[in-house]
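A quick write-up on the structure given underneath.
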């Protein structure tokens, strides 16, 4: 135990030594940040978003800073599920924390094939990304309408023997309906939110900044909306929820946990402070002590 | 004309000397800011949101700062349509710019009665707020589902002889469908976005900051999402669109115009800089000169 | 009321978390109990921060503030010569013209600073002013009251200095014609209740989160016996008997 | 590669918009062509900003930067004694060990600073280095190249100083074994094309918007003949013949 504060949490039967998880796409497969600190300190790491086949990602500008946030249009550049299974997993296993494979897709078949392969590999959890706004075909389409999501989650559920997290898009028509549909379709946990569909224009060039016109907004700017979504989903579903969106500080972590989150993911903050994982963890212990919280599970959902 | 740059725009047949409009709820009825500068410089002013009957607004904390933004839960405190007609209009008329009456409501009947009264009064345009997230009954409910919105807009249209702007909520299930529904129901123009439903938690008190739990997020933080929504709506509707959401600078104004907006509203920035209206207008003239824009209408929708 | 840029003359740290910021006055009337909205940032923070007038001198305005969050932390970084923006003077202030007789000012924490300019103004009118100043542990500003007050009573919660307990324990409203109070709401409520019992006129200066600071956004409205009032513009000073709390 | 806090030693303004920031080095190897991610803010800006090593001295790192936006404007406010955060040294740098013969460094704008440390490193190896430095109008950094270069050619667009036109007009790749270039993409492409014609080895240092700066986010990926590469980690230096442009 850290200084008499219990930070250990359980999500869908999986034990996390603390509720901090590195968010998909912001942390690679962990090895770069591991040069700066022992990323095994974190509760878990969600891998860069995988697709069945390798992808080069999007052309043009991929990242753009905004007020208290950033936009990205990486477009799921990744080595593909097979390469991940062959090399990535072993690498991530070294860290000794929970290994979450994040997987996106373009078609029902890709999702099913990819999930089948990952389910048979040495991962702890599968995080199904039905919400990436940066791929033209499919991708977010699955994350907008609850009935479409329900179908894909249901199919993936059938082939996935590992605990299944479904990652929701804040662009969903109705986040609560979406959550309920995914729960019904067999999700063991939900994670939210992914990035918000957003836009930037280069007024000098008189053109959208991103080749794809729209890109995904993340960072502190979105925290209040993400927190609302997590709160409203937690009030309605039975499965555990992983809160994501603009979490930068230990205070933010407590807000999400009080809103009902079982764990949280940190994304953009890693770019602002490459030691964010270690720093927030440290602060969280002290903050809990200060606030008289001896077990983080005590305060879950008290708001 | 200002220094050989034409900033004049026309929205639904109404002439604005420039595209800057003070956003509803952030500018009262104009008289407070008029103590600081001549608010008649602005293209127009949208009044504090009116309801048929006077309202005291919400209890508890009403404003809360967030990263590059703020949340509010004012709850439509206002003197009611009748008092506005008796006193507010004359006051606003002094400024000599476009007078927009912003009206919210709790029920279909309130909307219709209020719109009838305002339509017969000396206003230039009616802005129908179907999107306020801070009133418990009604309010935003009208702004979420396109078919509900269509009905209320259709009814108001029947009684409203003045140009009718419908103000959309970013919380709509599908902003484009919502826009199309309002256009079909007879809106002469659309304005978007209102505030995003969001949440903040006071971790020391272990309670939501706002009595209503959720409140509306505005400011620079939301600009990239608002811009995307304005862009996607402009691509689909024929009526003019007024862009709103985190506009702080002349550059932001050009982004929204390039995305297709006929005019813009400035809200939260007034709190950051009480002279924002005058300053942005000034900067806009210079920026247009620098960018070689002799008429702001040239660049509308070029992205 | 104006929005203007001013220059920092000095920014002195008084205690661990109390600072006095002195800026060039740049004209404008400013009365005891009024405040300014301040910002020493561009858009890094969205809102300006309300700070009361601690001392209004012909050439300088003094603000005494406690660092409690991001805004006041940024203010604490100000150095002589730095620029900052001010909006004000804002609010109604104390109706010093209408006050007569013997006056008590009762302050707690950072409710104390505005009472300094108030004491000065009342003393200048020839009134006798007693100050009741309540602190958590460390004293500040007490010497600033000395020139203007007949008596000064001080308390700290654990008795580190002065009386041990709350400053309201020392107050006897019946000895005064008017009581003026500014500080934590619990303290002001107590003072108001005591004054209600003795029939003493009592003015309270409310604190409330503000956005615009000029009466336009209704972010600071409170319910009073006379309807909804804006703390920023209709207040921050209210007659205790008008308040609903 | 480390993330650490350092202290500003000096921050000198060289021209209207060019500054040299000197910070305490705090150990760590740092090679020519590498860069650091810098931040002198907390979360007011989201991302750190990549700036190349201009000079690496035993006790100090020097960065030469142009103020173009919010981040560099904040850097320009730094004063001696102020703290800032550094992440680095980052990237691959120039393969100085593998370079031999006669070398030309060809820089444009703020692509010039990293070539200074490069020239020094190559000169220390005993190589002869000529510098071709292209400016818009006002010169900077030229004197910093003097100790390390045999010849220095300078151009400005309108001929205010040195040759009128582009510095590439002066370059004859056939006279060199290796050409190293850093600057605007159009310039580097031109240099690469010229080197391709003469078969001269050419290294280009790419600029790209970055988020993480350490290879984790894939925000800076480019397509090369060897597949997708991260400018921040696999670069910023690439053999011109590996690039697709």
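To keep things simple, chains are lettered A, B, C and D as they appear, and every chain counts its residues starting from 1.
We adopt the following convention: a residue touches a chain if its C-beta (ideal position, glycine included) is under 8 Å from a C-beta of that chain, and two chains touch if they have at least 3 such contacts.
Just so you know, these numbers come straight off a predicted model, no measurement behind them.
The minimal number of chain-to-chain contact steps leading from chain A to chain C is 2.
With every chain reduced to the mean of its CA atoms, the largest distance from chain B is reached by D.
With centres defined as mean CA coordinates, chain C is found 36 Å away from chain B. With centres set at the average Cα position, the gap from chain A to chain B is 34 Å. Computed from the mean C-alpha positions, the centre of chain C lies at a distance of 54 Å from the centre of chain D.
Of all residues in chain A, those touching 2 or more other chains are 66-69, 219-220, listed in ascending order. Within chain D, residues 43 each touch two or more of the remaining chains.
Touching chain C in their complex are the following residues of chain B: 25-28, 32-33, 35-36, 48, 56-57, 59, 61-66, 68-70, 72, 74, 77, 219-220, 248, 268, 270-275. Within the complex formed with chain A, the residues of chain D that make contact are 1-3, 39, 43, 45-48, 85, 87, 209-221, 223, 228, 233. Of all residues in chain B, those touching chain A in their complex are 66-69, 71, 173-174, 196-201, 203-204, 206-208, 213-214, 217, 219-225, 227-228, 231, 246, 251, 254-255, 258-259, 291, 299, 302-303.
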